[in-house]
Structures are given as C-alpha cells and as structure tokens.
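In what follows, a single structure is set out as structure tokens and then discussed.
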Amino acid sequence: MRPISYKVAANLIVQALPYIQKFAGKTVVVKYGGNAMTSAATKAAVMQDVVLMRCVGIRPVLVHGGGPDINQALTKMGIESQFVGGLRVTDGETMEVVEMVLSGKTNKHIVAEIQKAGGQAVGLSGKDGGLITAEKETANGDIGFVGRIVKVDTSLIHALLEKGYIPVVSSVAAGVNGESFNVNADTVAGELATALKAEKLILMTDVTGIYRDFADKTSLISRMSVPEAEAMVGSGVIDKGMIPKVQSCITALRGGVGAVHVIDGTMLHALIVELFTDQGIGTMVEM
Amino acid sequence: MRPISYKVAANLIVQALPYIQKFAGKTVVVKYGGNAMTSAATKAAVMQDVVLMRCVGIRPVLVHGGGPDINQALTKMGIESQFVGGLRVTDGETMEVVEMVLSGKTNKHIVAEIQKAGGQAVGLSGKDGGLITAEKETANGDIGFVGRIVKVDTSLIHALLEKGYIPVVSSVAAGVNGESFNVNADTVAGELATALKAEKLILMTDVTGIYRDFADKTSLISRMSVPEAEAMVGSGVIDKGMIPKVQSCITALRGGVGAVHVIDGTMLHALIVELFTDQGIGTMVEM
Amino acid sequence: MRPISYKVAANLIVQALPYIQKFAGKTVVVKYGGNAMTSAATKAAVMQDVVLMRCVGIRPVLVHGGGPDINQALTKMGIESQFVGGLRVTDGETMEVVEMVLSGKTNKHIVAEIQKAGGQAVGLSGKDGGLITAEKETANGDIGFVGRIVKVDTSLIHALLEKGYIPVVSSVAAGVNGESFNVNADTVAGELATALKAEKLILMTDVTGIYRDFADKTSLISRMSVPEAEAMVGSGVIDKGMIPKVQSCITALRGGVGAVHVIDGTMLHALIVELFTDQGIGTMVEM
Amino acid sequence: MRPISYKVAANLIVQALPYIQKFAGKTVVVKYGGNAMTSAATKAAVMQDVVLMRCVGIRPVLVHGGGPDINQALTKMGIESQFVGGLRVTDGETMEVVEMVLSGKTNKHIVAEIQKAGGQAVGLSGKDGGLITAEKETANGDIGFVGRIVKVDTSLIHALLEKGYIPVVSSVAAGVNGESFNVNADTVAGELATALKAEKLILMTDVTGIYRDFADKTSLISRMSVPEAEAMVGSGVIDKGMIPKVQSCITALRGGVGAVHVIDGTMLHALIVELFTDQGIGTMVEM
Amino acid sequence: MRPISYKVAANLIVQALPYIQKFAGKTVVVKYGGNAMTSAATKAAVMQDVVLMRCVGIRPVLVHGGGPDINQALTKMGIESQFVGGLRVTDGETMEVVEMVLSGKTNKHIVAEIQKAGGQAVGLSGKDGGLITAEKETANGDIGFVGRIVKVDTSLIHALLEKGYIPVVSSVAAGVNGESFNVNADTVAGELATALKAEKLILMTDVTGIYRDFADKTSLISRMSVPEAEAMVGSGVIDKGMIPKVQSCITALRGGVGAVHVIDGTMLHALIVELFTDQGIGTMVEM
Amino acid sequence: MRPISYKVAANLIVQALPYIQKFAGKTVVVKYGGNAMTSAATKAAVMQDVVLMRCVGIRPVLVHGGGPDINQALTKMGIESQFVGGLRVTDGETMEVVEMVLSGKTNKHIVAEIQKAGGQAVGLSGKDGGLITAEKETANGDIGFVGRIVKVDTSLIHALLEKGYIPVVSSVAAGVNGESFNVNADTVAGELATALKAEKLILMTDVTGIYRDFADKTSLISRMSVPEAEAMVGSGVIDKGMIPKVQSCITALRGGVGAVHVIDGTMLHALIVELFTDQGIGTMVEM
C-alpha cells in the first residue's frame, strides 16, 4: 500500500479530532442494506468503519434487512409470493423462510464479518431479550406476518454496548405469543434509534442521498430540516421511492434522534467520511 | 388445576431446599434436542424448567442442534445429502441451509418460547462474540463444513449470565476466516460446559439414560464413574449409539465439569425433577 | 420420603413460576409469632419457607414478639405484672426481662433455626443501627416502657438484604437516650413494611384469617379492600380481638405496602402455599 | 468545659497524626468487660473512644462477656451454680439465662451506648450469620454448655464494617444443631482477631497490665515478645490469674494479629491514649 | 514531648467527637496565604491540620496565592510593576513570572509539605482539567492578564477527592485560548467552594477575624449573618481592607456554602481548633 | 482545507485499524522535549496526536523537560551556571528557578495546549501524590540538586488515567524531606514507563532516530534489539550524544516496557504516523 504523506495525515487528524470527541460515548444506529450488502469490498469497508467507530468510543448498532437473500431462498424452495399494493403477502411458510434468512444467514454473516475486522459483534433478532414486540400490520388489509412495532425494550442492547459488543439486529420481531413478524428494516432502525435516544441514525442506501428530482443528479439535497422534508413530501417534490425513508427520518427526529443521514453505502468508507470529515456526502436531516 | 395438598408442598420444599441452595450461582449447561424438541407440551415444560432454574439462582445455558428441521428444509430445497461413514457430507450449499435452520429458525424459536415462559433469553451461534472457533474436521476425510472446535471464548456468555439472560446457543461455529462450520451439538455442549467450568452438563435425549443393554429396560445405569464408563466403552457393553454421548461425558468431566446427566427429555419437567428431588432419573456420570 | 409424581411436580411448577417471577427482588415482611412459634415442626417449616423465599430472590424480613417466653421468665423471676386496660404495665425491671427474652432468647433462637435450614440470618432489635426509635406511649396513661414508634431507619436492613442475609427483628425499640421500649410486634412489622416499601406484609397468627363472625368458621373473608375493612371495623362486624391487626393492615397499605395477608402460622408451609400457589388461604387485604 | 490551649492541641495533633495514618483502614478487636463495664462514666468514655476510632478510619470490633449481670440474673431466678475446677457448670437452664443476659441485655446495652455517642452499632452473637460455631468443651470433663470454638465465619463482620457499622459481639456461639454455647470472651476476641487478621487485639481489663509480680505495682511489663511471654508463663513468673489472658495473646499473635495490648479499662479514654499517643500504658505483646 | 494527661484527652475527645461526625464526608475549602505561609512552624501546623482533616473523613481543598514570592521573583528579574487603583498591571512578562511562582514554586512547595505530613496532595492550577476558565477583568480598565472567573469545572477535584487526594490549587486560570490569567485567590476559593457546594470556606488571614473597628482589638465580630455583613459594608463600619474578603464571604454563602470562617492563620493549629472545639476563634459568617 | 479522497481514507482506515485495536487500553509514555517544543505548529500537532491517542482508547502519559526555557529564566535572573563534566551544577537558587520553569511554566503551558485540542490534561511534577522520589546524584561528585530516582508511586497516574485524564509530568522529583531535585527527563520517562508497565516509550527528539554514523543520514537504524544496542554502545558505533538515550531505552526494555521508539518530534504528527501506519519512521528498539 502506498505510504501516506504527513500532510495528508495531518489534514485528516485536524479534521477528524473534533468529530471524534463530539461523538465519543454516543449511540449511532446504522441501517445497513441494499447493494452495500452485496459487494465483498463494500461489505468489508462497512465492517471496518463500524469497528473503527467502536474504537473511537462510539456505540454503533447495526440494523439490517436482507432483500436479495430472501428472494433467492424462496425461489429455491419453490415458494411464490403474492404482492398487495407492492407489499409481499407473508404467509406462515414465507415467514419461516424470511426469518431463517434474516436471522440465520444475513445476520450471522454480518457478525462474522465484524469479527474478522477485529470487532466483537452479537447477532440478534427482535425476539432476543424481548427487544422488539410487534403485532399484525393491518393498514393494507391482511397481508400475513407483516408486523407493526408496539414495544421496544433496549435493556439487552444497553447491556451489550456497555461490554463493548456491537449489536447486529435483524428486522424480525416477536408477537405477544412468540410468533414471528417481518418488519421493515428502516422502521426497525428508526424505532431503535428513538428508543436508544441515538445521536444519529444513518440509513445506508444505494443512492447518494435524497434528490429534489431523482433524474437530475445535481439536485441532491445536502441538508434539510423536518419542516422542509414535510413540505417536500407534501408537494410531491421528493422522489416517490424515497418517501418511506423520509418518513422514517421525520419520525426518528421527532422521537429525539439528533440527526438522520441518508448516504450511499456503495461508496467505500462512506460511513467514516460522513462522520469524521468536513465533507458532506449524502443528505442530513435535522429538526 | 387441582389444589396441591400441604403435605405434598411440605414434602417438595423439604426435598428441594438443599438442592436449590447447593446449586445457587452455579452454571448448568443443558443440551436440548431430539424428540424433546418436537412435542409442544414437552417444549413448554423444558422452557418453564429453565426459567425456574434461573429464578432460583442457577445460571442455565442452553445448547441445541436441530435434526428434523434441517432434513425438512433440505428436502424442500431439493438438496440431497451424501453420507460418509454415517456422517452427512456438508457442502457449501448444505451448510448454508443448516446454518439458516439452526441459527434462524430453531434458535429463535427456543428464544421465543423462553420469553413466553417469562424468562429473558438471547439466541446466539458460535459466531457471536467469537464464542466458538472451529476448523475443518478431517478425521473421516473431507466431508465439507463439519467442524472441530479449536477455541471457546466465554466472555459473551458470562456478560449475558451476569445480567440475568439465558443464553441459547446453536451448534454453528466460525472458522478463522468467518466461514461457517456445523459442529455436533453434544460436543458444543460439552466444550462449553468445560470452558464455563459448569457444575453440571445435562444431555436431554429421548431415552431414559444409559443402559448396559439397550434392549433390556431393567439395565439402566443410575450412576457411573469415569473409569466405569471407560471400561464399559472398552468392553463393548455400552450400546453403540450411546458411545459418542458417553465420550462427551468423559471429556467434560475430565475438563472439570462437576457431573454429567443423561436424561429423557420427553418426560415432563425431567430437568427439575432431576435437579431438585432425591429421585434419580436417568444416568449420572461423575469423576 | 415418598417420591413425588411428575404430574404433581408439573402442576406445582406451572402454578408457582409466575408468582416467583412476580416477587423476585421484592421485600416481604413476615410477622411471626403466637402458636406458630411453639411447635417444633411448625417452626422448622416456617424457617424452611423463609429460606426458600430467599432462594427464589425474595427479600424476607422477619419480625417477632415473644409472648409465652416473657411470661415464663417473669414468673421465674417472681415479677408480677399489673395490667391497665388489658396492657401490661412495663416498669424498668419488667422491661429488662422483656428485652432479655425477646432479643436474647427468642431472637437468637429464630436465627439459629434459619441457619440450620441453610439460610444466613442476622438477629437485630430496634436498637441496632438506629433501626427503630420510640418514645413513651401515653395514650392509655403511664404504663411504663411501652413505646410508640417515632422513627424507622432502614439502612441496616437494606445493607443486610443486599448481602443476602435474612434480618430477624425483635420488637424492642430504643428511646432517644438509649433506654429500651417494648413495642407491639404487629406494629413494628407494619411500620417496617411501610418504611421498606414492602411488596407484602404477612401476619402469621394462630387463626385461619379474618372472620366476619369468629364463631362461624364459614365466615372467613378471603379478600378485602381497605374501605371494606374500615367499614367492618366501624360497624363492629370484625371480631374485637382482630381489630388491632386490621388497623395495622390498613396503616401499612395506606403507607404504600402492596398487600397484607393474615394467615394461620400453624398450618405447615402456609407461607409458601400463600405466596406461590393459586390457592387462597387466610385473608388478603389490598388498597 | 475548660478551653484547651493551642499548645496542648498542637501537642496532641503532632503526636496523634502518624498513629491515625498508620491505623487507617485497619481492624482492631477490643475485648470489653470487667469493671470497665460497670461505671457509667467509663462506659461512656469507651464508647466515645470506639466511635472516634471509626471516625478516623479504624474498623473496631467489640467483643464482650457479662460477668456481673449473669450472676445477678441467676440469683434472681434462684438458679444455683456448681463449679468444677473454677469453671461454672452450665446446664441448659443456666445457659438460657447466660444467653439472654449476654445477647439480650449487655449486648444491646452497649449498642445503645454507641448509638448515643453518635456511632452506628450492630449487636451480634456468635449465632448470627454463622459467625462462631462451637462444640462442647470437654477438657475439664462435662461442664455443660461451655464451648470450644471450631469455626469462625467473618463474612457478616466484613459486610458490616464495609458499611461503616461497629459490630458488637457477645460471647455466645452456636453448635452445629443450633444449640447455644457459652465461650470465654477473651477467647472469642482472640479467635475473631485472628480470623479478621486484625492489626491489634486490645484486652480491656481492670488491672493496669501484666505484672511480673502482681503485688509489686512497679513490676508492670510495658512490652513483651511472645518468647518472653512463654518463658514467663513457663517459669511461673506471671501472675496466675493472668495466665489465660497471656495464652490468648500468644495464640492471637501466632495467628497473625499484629499486636496485643492489655490495658486498664477503668482509666478514662485508655483506648485512645494507648492507640494515638506516644505514651505507653498497659502491656503490649508482639511477635 | 510532655505526656498529655487523661483529663485533657477526655476533654478533647468529648468536645471533638460531635464535630468530627458532623463534618465527615463534607468538603471544606481552605484559602491559605499571607503570613501563615511564611513561618516554617505555622506552615507545618497548617499541613498537619489539613492531613488530620482528611484522616477524619473531611475532604479539604486548599487554595493559595503567593504574594511575597511573586514580588521577590519580579525583583530578581528586574521587572517593575505599574499599579492602577491599587491593582498590579499584569503584562505578559509579569504574568509569566506570576504563573511560574504560583504554580511552580508555591504550589509544589505546599504539596511537598503535605506529603511530608503524611498526606497525599496534588498540585493544580486552574488550567488543569479545565478547572477554572477566566476572561480579562475590565472593571478597572485594561490592567493586563488579571482574570474574572467565567466557569468552574469541578470534575477533576471530585475525582481526586474520591481517591483520597488533597487538591492544592494555585490562583491561575486559563483563558479560552489557553492564555494565563491571574485571579484573586480569595475569589478562587469562594467560587470553588460554591461550585463544590462546600460545607465550609475558611479564609486564613493574618488578622484574628473581622473587626468592627480594626484599631480596637476588642471589637472582633464572632458571628455575623449575611444581612449584618451587608449592612456593615454599607455603613462603612467594616475595615476597608476587609471589604473584598467580606464580599467573597457573602457571594459564597449566597451560592450555597454552609458557612465562611475568617481566622488567623498564624495561630498554630487554628484550623483544627476552629473546626473541632467549642471555642470560637475568628469570625464566622452564615446565611 | 482540501477534501480527502475516499481512496486515501480507505487506505488510512485499513492501515490504522489493526494498530488502534492492538493498542487500545495500553499505556504509552511520551517524552516530549527539545525542538518539538518550540515551534507553535509542531506543539499543536503533538497535542492533537496525544488527544487522538486518548480518543482511540490509548492511555498516554507525557513527560517533559524544558531546556531553553530554563536557560532564558536563569539569564533573566542573572544566575550563572557552573558545569562539571557537562552537567549543570544545580545549587538551591538554580533549582528554585528550574522548578518554577518546569512545573509552573512549561508544564502548565502543555496542559493548556492539550485542553485547547479538546483533551483533559493534568499537570504534575514528581512531587504530586509522591509520584517520584529522588536522592542526590553523586556519581559525578556533588553537583547540587540533581537527583537519582529511588522510588516511583504510580497510584496518582492510574487514578487520572482511569478517569480519562492525560497526565503531564515535569522532571522534578521530591527528596524524602520534601526538597526538590532536577532529574533528566529521559530518565523520568523511562522509569515511569517501567513502573507503569507501558506498552511503549516514545522519545521525541529533534533527530530522525538513531544513526550508525550521525554524519551519514543514510545510516539510520530502523529497528534494533537490546543486544544489538548494547553491542553498538560498547563498540562506540553509536553517536556519543545518543548514548544516554540508548541507555534509557535499554533500561526501560529490561524493566518490561514493550518497545521504545526514538522519533523526530519536529515532523508534524510523527507520533500518529509512527503508531498507526505501516511506515516505520525513526528507530524502534525491542528486547
């Protein structure tokens, strides 16, 4: 590897130090998913970033979904999915596969990657230690085991953070009778950030951030307040596919999270660059 | 439910009290599997027993495999297994299914059941917090991702026990490069019990205990020392199917575990009756 | 001892588990006295119950008087007592005997019994660590060293409970100049329960509970609210001898104690049956 | 009270400071008894001294017998004692009185006095928390419930010292079946000092110290080593009545106690003067 | 040294005990300066007093200026000072000398003296751990690096007190850019006492206390309330040189300090006599 | 400031992470002095490096001398120094100036710089908390208050590190009577590193490292073992001016320090580059 010049090192240290001091001891929830999850190089970079965050005293919590893995497993098992209003109807058989993939494959894979990067990770689902309790989501009729979060108990997360572990949480919740619910991972991340009174919620997507007009790459919004975000959602300016994410941001900020960042997880070390340098990448939403 | 007579209550209290006092603060590793895992009533009873153990100050750790679930999933996915010397050849595709089932289905199901019984459980695999590191088992040639344990790090288990959680561990280990290995669940339980310096290792099977002659139900061995066990293995007296379990017992006892019990997990509340009453059920092996 | 059938064990566990979980970490003050104190079998059963409570995480505190022992010692010493309005006039000489018996005989005897049952007990009087400060009770004129509680300092009790000890408290209090006062043991138990914000106060008597009509054994009251209790005291329905106990219950409940139980201490293991089974024995008073 | 001149204050501070620093955090066992217990002024002074010791960071533990009180109570109850070789034959009836007086009267009286002086005291007997276990002393034949110490468990003492309490221990021990034994208070103090690895054991008597010839008041021994003490016992030089005390000293020093002091408890504030000034009063025995 | 009579010892103990108990665990800020700092005997006595305070559980904090040392060093370096309205104009060169003397000479000298007396002292200036932040005092025009306190952060003081150290603080503060400011030592002591919610602030001066008329030595005020102090300042009764000190007292008391004492630091052991005896010396101001 | 490219960030993170993990929780003693102390830019860079070290979990301890400042102050005061064998004869008057400069000027200046960089620093001399005790160095005859270290007590350093403070230590020690001694700063750093069982001792000089031949800049030694170092000292290969530093390295390594680095303090951020990148700068000496 090419040696780093003293000038560059100096530059970085001078830039990073105040951020490192500012975030020490703070909790940062990172929603990790999409394409950032598929490339081996990107995955390794994200895990290194998370471990580095922990090294400088930040308390990172990872939340993940697992889109592509789920589809692949359902296909292998010959299970076809129905969709209602764009949402997958999750019957019992599908839910079993979803849970196996999320909590048994994706989750443990992330854990293993963090361990390889030198961190100490613990893979959890919302069932562990009563972390997330859900009930059936009926806003769009009965679409099976799709859950709406009704309770978050962060005791286990706190216990693990206290001991230096990095919790990795799959987006599966428990019903009151122990049944499994699939919950949107952005929502899990938002609710967890709120319950943990996190300093930041970082949503890693596969786009650079929130655009005024997604087709126009120059229309990226660097910084946005909650009222601005609400106005843009209301006026239809924000790209339709981004609306759920923007709603998640607003809810988390209303719930007390310090700031929400939407960043491109496919950029190497986007997390660290966003947290520790003066450069803004992606979109930051604040109250 | 029928009221309990004072006499019976008195009886039980007088019997149980010295055992409760003796085991308070002690770690007990329970290998849970086989048929005890399939009946809903038996499962509920085991979970209640484990929660009760925790209530009286014991530190239970559950280890599980997941036989029938794995076969069912492999069949669904149309994956056929090769067997070499009675052992399944575990190629990459098979290992992925094995891990999903063990860590994503069976494990989280047990966690949900303990939560329902009022306990606080955390589902782990050997990958979490570097709990179990394995390398390829080559004693029987290359049979794929079947692992031999090379390191156990109990820090995470201790952290969870300290906070009152009941750890539930699936028998999947991590290789040094983060790859997954399937390890025999009895072996995991034995190694964990040894590393935790457990007071007891309890192997829940679907037979009553160890027999001199499995065909002769009157030949159950109540209590056995390590030299006796070794002699019986050597002389071929012990039933062949029991030999791996007996070997596990011997290794654990040599490693410092106080006693190993082989009990019938299909008997309701066998765990509590074995731990807290004068009645011997199953087989106890001691140094 | 007769082996216990699995059915009975299952029954008991299913019943007891939710109660054990509910009371874990809670403080329960037990007033122990009367005939429950005279039979060796009953005494041993009470001590086993108290030790079992401690084993399942409850924090029991025992309070006792010592009626028969006091009379016996006074007789031996040839000290005759005067009675005013049913209350013994306690002059200095009498008080000295009362204290010796309560704090030196009955108290240490209970401590030794708990130690024998495997618990760790510490015998205290209200003088130790400034636990209970009293002044002369003058409601019925000057009847000597009969005290009215003016201050309770629970620091010592908390310190002992924290370390796993079972405090055993005799009903002797200190005046501000270090003199001794005899205080009614039910009152001591009630005030201590209040100061400790106890979950329960259990008064062990030699009757089954509170009756509407003591002569009619079918008129036992299972459960009663404070307003009902007050109404019954007001209307003269409650048996006269029970009025002080009922007043103690009301005061404790008003002071924040969760529930007060009046049970028959002569029934073997009445404490455990009352706490851990669905069966109601005796009378429970709640707000 | 007469104002103290600055010179005197200066004098005292300069003298006391190094001793205070030397003994901070150290445990000092004080055997309190004899005539020092009978005068109100002396008692008050001893209690103030003990409280002051605690204030400057010393961990005092008081042990007491109760000679005159016992005789008085036995007389009142019309119980006559037999003596064998100078030792009281302690039958069951006598033992009951002895225990009541020691643990119920003398002990609680000392506690109340310490509380009055502003300290926090807890009165214990050897029964509490399994502090002292004894068995029948048979060296002089069967003389009843006179005990020989077989086990000391200092957990309770440590727990109380840790929280700032001053333990006050009566010389009654428990047998393995919970029965009571009377043990010589000097012996209790010595064994306790040994088990606590005390810095000092101070025996408060009613003589100035150990004399070569008790009749010759100029023969007081200021300082003595264990070999010297043994030689003097052997040669019959030491006064016969002092021999048991000297034996206690030797045993304690052999057991690891730093130094043993024999001082005159009837001198006001002898404890403080002995501990904190350059003046030697009484006799100090060291290894 | 002359032996101390038992009577005197008794006298002292009886007097001191309630004060020692009252102040245990309390913080006492001592401003040390003036002539009390110049005589070797007085210095040694003050240090012994401070160490004794620590031994009996008080948490002393020393604040000092360093008048004569500063003048001497300035003279040696040939730096002449300008005075405006009685205040030294402190240019950069002067400030450097002032800081070197206060933090490098006087401060470390006091530390060494406390260590010699057996205490554990840590010398600090207002710069250490962000203890005291100041800005330029401009009330009297620009007189250079004379500071006005704008922030006190007591974390470091608390950390040291917790570990048994005696903090010794020189009256130098840091500006927000790390520059040095000279602050009046009485003011530093007052602000520190306020921020620490100290029980007492003791100003050691070289006069006996506050006089109505400084020329009339019989007009010493023993005890004064804040309103009285304010009235006397207002009416010009209080000696002019004492006004800043009295203002410091009033500010500290308003800020929550329990009491302020002005005592003569040249009297040997004045600190201890003031704290622990009934004798009033100097002047005490209370709310 | 120029934005940093992702490539560079990635590069740095990948390089730094394993070092950060390796040194987390470890103590690193940094001797800071010479020219690195004179340039404002270099000073600021060193302080930022030290604060960054603390942020990533390292426990840095700074030791400093103060050459140029001392000469300047002595000159100002008109004190001329005698030299014996290259060592300054330090009489009482000189020592007073040396101490004022080191502990009152240089030390507090470094503290203020660290505070400005966002760290929490505490300036100490060897006198504080009994940190370093010295006696007169007489190896070269009587050259006054030049000290030889006889005792190091690291309690205070540990207490401060535990609470997150960065200790800054001037090279002044206390004699047993509280007098001041000037000790070579390299020696102080070495002894402190040894007593703290430091992972690393870093000597910041104004040369690039240790040369075989100082005149030949290509002869820099990157890595050297203790035997090699001794051989080179023995054979006269090492530059004479470097011999004391090399001796310090050897002593520290013999005393258990993990590694000693000699680096050029005038290179910006040399500390961080040396610790956290693969690039070797300067000379590293190991066992």
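Letters are used for the chains, namely A, B, C, D, E and F, taken in the order the chains are written, and counting of residues starts over at 1 for each.
As a working rule, a residue touches a chain if its C-beta (ideal position, glycine included) is under 8 Å from a C-beta of that chain, and two chains touch if they have at least 3 such contacts.
All figures in this text were calculated on a predicted structure; none of them were measured in a lab.
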Any chain in contact with chain C as well as chain D: none
Chains in simultaneous contact with chain B and chain E: none
Most distant chain from chain E, judged by the mean position of its C-alpha atoms: B
Type of chain B:chain C copy interface by residue overlap (half), same or different: same
Gap in Å, rounded to a whole number, between the CA centres of chain B and chain A: 35
Interchain centroid distance [CA atoms averaged], chain A/chain D, Å: 68
Centre-to-centre distance between chain E and chain C (centres being mean Cα positions), rounded to whole Å: 56
Shared-contact residues (touching 2 or more other chains) in chain C: none
Residues on chain F engaged by chain E in the complex (per definition of touch): 73, 76-78, 96, 99-105, 107-108, 111-113, 115-116, 120-125, 127-130, 155-156, 159-160, 163, 165, 172, 174, 177-180
Complex contact set, residues of chain C against chain B: 1-4, 6-18, 20-21, 24, 45, 48-49, 51-52, 55-57, 117-118, 267-270, 272-273, 277-279
